[in-house]
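What follows is a short report on a single structure.
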Amino acid sequence: MTKVFTIGAGTSAARAPRARADRPPWQERPSVAGQSAKGLSLGGVLAVMLVPLWIVVVTSLATPGAVNRAGGLVIWPDGFTLQAYREILTDPTIRTALIVSLGITVAGTALSMVVSVLCAYGLSRPRSPGHRLILVLLIVTMFVSGGLIPTFLVVTGLGGYGQWWALILPNAVSVFNILVLRSFYAKTSAELIDAARMDGAGDWRILRSVVLPTSRAVTAVIALFYAVGYWNSFFTVMLYMPTDSEKWPLQYVLLTYVNRGAGMPGSVNAGFGMAHAQTAPLSTQMAVVVLTLVPLLIVYPFVQKNFRAGVLTGAVKG
Amino acid sequence: MVVPAIVLLLVFNYAPLFGLLTAFQYYDPPAGVWNSDWAGFDQFRLLFADPLFWGALRNTLYLGLVQLVLFFPIPIALALLLNSVLSVRVRNFIQSVVYLPHFFSWVLVITIFQQMLGGAGALNQFLRSHDLQTWDITTNPGTFVLLVTSQVVWKEAGWGIVVFLAALSAVNPGLYEAAAVDGAGPFRRMWHITLPGLRTVIVLMLVLRLGGTLSVGFEQFLIQRDAVGHETAEVLDTYAFYYGITTGDYSLGAAAGLFKSVISLLLIWGANKLAHFFGEDGLYRR
Amino acid sequence: MRPELNRRSFVALAAATPLLAACGGAARQKAGTNSRAGLQAALPSHVPSSPVKPDIPSVAGGAGAATDPAFLSYPSNQAATVQGTPGRGGSYTAVTPLWGTVPPAGNSFYEAMNKALGVTLTMKPADGNNYNTIVPTMTAARRLPDWIQLPTWWNAIFDVGGLAGTQLADLTPYLAADKIKKYPNLAAIPTGAWQTGAWGDKLYGIPSFSSSFVIAGAVFHRRDILEARGITAGQVRSADDLMNLGKELTDAKRGVWAFDDVWTYLFPAWDVPLTWDVRDGRLIHKYEMPQFFEALDWHHRMARAGYLHPDAVAGQNANADTRFYSGKVLISGGGTGAWNLTDHQSGTAADKDYRRGAFDFFAADGTSAPRVAMGPSTNVISYLSDRLKPDQIEELLAVADYLAAPFGSAEYTMVNFGVEGVHFTMKDGVPTATEDGKKFVQAMTFPFLASPPAVISNPGAGVVTRDYAAWQAANVKSLYKPVFWNMNISMPRSLSGASAAQAVEDAVKDCYHGRTKVSEVQAAVSTWKTSGGGDRLKQWMTGNVLDKYGTGQ
């Protein structure tokens, strides 16, 4: 980003001598009213977003007594303990689950991206044969589904029960993501592609050296969508390996912490006496939420970086 | 190039479509799709004769349209606002906070709402302790639509801006500079450069959103159905769940699902036609 | 079976129509309701055993009800009830629902159990919260394990009646009448519990946690807080008393409300049956009874008066326990399973004076004798796969016999506490779990396959055992066997909607949350009777159950 604006600064530094490094020099100084309105609205948005996050974090660190005094989620810190995190992170199954999750996310995202980018590029070319029919074929799957059991029967029929691929292949293609990619591809690089074609470049080369470099922002966003989908998925685990606890990914293991005792119908049998499970303390449940957010906080800056990269390439090529 | 995607969809999305047959049966899971008794259109007749089904459809359309009007513009506005923040650090910080609620489960979101705004929540306990009139927010059927929409805004708006940010970053900054040099102010630059740059994406999202009008968020309504009663909170998905799945009347649920699919396809087809009418590509070129 | 299923799915996909036409309309025989005589022939004999004398012995009520025996200490000399190892080295897989964190595979407890059992029993617990989705996919793909636990409250969803004989093994040839004497610990399980696992006059299920005191639940209160205010449970003898108490206890300004949801546990006070009753030889549904609406009216008035916690009105029940522990709610309905050690631990962690109490059953009018319907003798039943060979079934039944060893025996100690010194140590005569014990043993797995009849035992919290046993003893005389008790009726699928009566139940909930009037529930009931299938349901129940098999009493 700095690069872009250094270029700009060189051309019209005279117009705004005291411009901050972040502001393009051609942009006028914002009015006080405009600035404060902007500040206020963003501040409001931030407050609304941060308060619940705060509550979740505080509750995850709260002692049982504090949760009890609050009668639920804790708003003001009142005692401090890492017990909830210790309980989860010392579970021996967590480490394998983390590796499984990483593997599924990386492999799945890679596969999905290859398939989706190819498909989106193929459909983005104006004269690609039958693209309308194929699009209809794609869009139908967004709204029509055969249902849970039939899908399950197809996957198990192909031998997917208890297999890793059953967690990836059935959801490898998101039509929504393909449509977004396609719309960006179709729009952003039309002239560049024509130029490359004049130079005799084939589709593969155009995709590799023109389309992908000019749409890094959207590619990063779609990769994020896929990665988040794989990372958070638990429903497929429940279907295809519900009893293979040593193969469970992280989200599913964490889910068992959240749900502990929750659905146990204590009402049904006096004999449960000893079996009646204790419901998970709220602090454990909130610790799970926090642990779910951590990987996202790590990954998101990399996606953000591509937003700026997009600006840069746009500026240079433009 | 489209072959891998098509193959995956054919195997994992088209092959299971035999399940749609259950909508025309008295489906009995242990017997399977191939051995259940045939019902013809009986399930649809039952469905269309049920006033509760029409109530659910009415609620779904109403909630879906209100959400479309109130929710859809917000991520765009937020993306524009964020994009106009000059400090990179502030912008990055806000960006990486606002998308986080997307990863909260609905159970948690609604628990938080209840604890803040519910009858025994922070707000009402404050009002009570000052002898003021309490404010019924979470169990008031009259304002339910606003409650659920604000929940959606809170949870999803930050996540929704990501695509628009990607689109914004693809707008050529040279255009802004040229416009500024020509004397265009910030608002004219937004109108003539930013928005046209976003147009394709906005239209695409709008068309997809219209197609998804009938999918208004199953879990959110499932959890809050008891708070305001089924007359207000029953949507097609909860109807199919309660009258199809929990009672074991799977075929009725499948019929409701198929009905929803057909209407959704009609909606997206219509939305796309509309986009073409306004000279936009929509989902595919004319 | 599997390859055939695959081929069918795919071939049929390619050329759907002809194949479908050939298959359409094939009628399938379901294992139906049990008949009286047929069932008697299949049921095992009951040979009670009592190796350890309870501190508070069982008290018998009417109609076969009896309180669970209670133990205040754990026996120090644990006698063995099984000779040698029950197994002969077979390998099996078992699936049970688990509401909690799954212990790692191959842990020291599983290994010790395998050694003690003489089989390789691979325990594969599945998430209990999603069990109702997991099992139907397994049965659809015919992938049931060798041994599986199917809780009775999901009988309709799992279609256990349909699975019996097609995917689940018939145990009648191994257990009927005196054959069960080969497995003395199984023989000590009361006959009623076996009846809950019988379908179409054949025996399929192995019961766990059977009890002669099974009820929907009770209306609990914070005994410590009420007594501190000079209120004892005995003072509440009628619905009016309870309403007045609600008024006295509610203090919204301090964030305290008297009630959480109590409907499910309180409506029997108006002498409303669980579903059906027979009056003058004719079947009558609870929706048709005037007292059903009197009960609703009371709950409606209670909610309108503002005695019901707002989160309960909002249907937010996930934190109901927290509300009760923190004293924001003082009266709450719930299953009697909640009256136990972990509840005591959670409660006292929140408030050191915490003590759970329950109101004795009363009749709403305050004068009649209270009547409370008994539930099925157990809700936890395991089944064996019908792919197993006869000698494999015998081996697993011997394993079940080990798991069902009575309270205080060596086998019971092993199953419930693990190996002494590894998974637990004896402290003050109480088996106390080590860290490994907490992780590997306390997650309930084996007892969900088979376990002895229930006892009340809360090592380290004698007050809970005494309170609960005393309450059971005081209320056992109010229990009665409802019509169709333990009968396992399998209804045709076309009646399942009418039976669930979702629209009426929605209206009922709206009413007891104070949102709609009783008259709207009455309107919902008349719609249900005509267009909702209610009348058809009653006809079917009369013709296919009442007239054919009687009331089961």
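Going by the order they are written in, the chains are A, B and C; count residues from 1 in each one.
FYI, contacts are C-beta pairs under 8 Å (C-beta built on N, C-alpha and C of every residue); 3 or more make two chains touch, one makes a residue touch a chain.
As the structure is a computational prediction, the values presented were derived from the model and not from experiment.
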Which other chains touch chain A while also touching chain C? B
Most contact pairs found between chains A-B
The distance between the C-alpha centres of chain B and chain C, rounded to whole Å, is 38
Express in whole angstrom the distance between the two chain centres, defined as the mean CA positions of chain A and chain B. 17
Two or more other chains in contact with one residue: find those residues in chain B. 15, 18, 29, 111
Using the touch rule from the top of the page, what residues of chain C touch 2 or more other chains? 9-10, 136, 140, 255, 318-319, 328
Overlap residues in chain A, where contacts from two or more other chains coincide: 72, 149, 153-154
Seen from chain C, its contact residues with chain A in the complex are 5-6, 9-10, 68, 95, 98-102, 104-105, 124-130, 133-134, 136-138, 140-141, 143, 145, 151-153, 208-211, 213-217, 255, 264, 318-319, 321-323, 325-326, 328, 334-343, 345-346, 349-351, 375, 378-380, 416, 444, 447-448, 451, 453-458
Where on chain A does chain B make contact in their complex? 1, 4, 8, 11-12, 20, 22-24, 26-28, 38, 41-42, 45-46, 48-50, 52-53, 55-56, 72-73, 75, 114-116, 118-119, 121-123, 126, 131-132, 134-147, 149-151, 153-155, 158, 169-173, 175-176, 178-180, 183-184, 186-188, 203, 214-215, 217-218, 220-221, 224, 228, 232, 289, 292-293, 296-297, 300-301, 303-304, 307-308, 310-311, 314-315, 318
Write out the stretch or stretches of chain B touching chain C in their complex. 15, 18, 21, 26-32, 34-35, 37-38, 49, 52, 107, 110-111, 114, 118-121, 124-125, 128-129, 138-139, 223-227, 229-230, 242-243, 246-249, 252
Of all residues in chain C, which touch chain B in the complex? 8-10, 12-13, 16, 19-20, 23-28, 136, 139-140, 156-157, 159, 162-163, 166-167, 252-253, 255, 257, 309-311, 313-316, 318-319, 328, 493-494, 496-497, 499-500, 502-503, 506, 509-510, 513, 515-516, 531
Chain A residues touching chain C in their complex are 64-65, 67-72, 91-93, 148-149, 152-154, 156-157, 161, 238-239, 242-246, 248, 252-253, 255-257, 259-279, 282
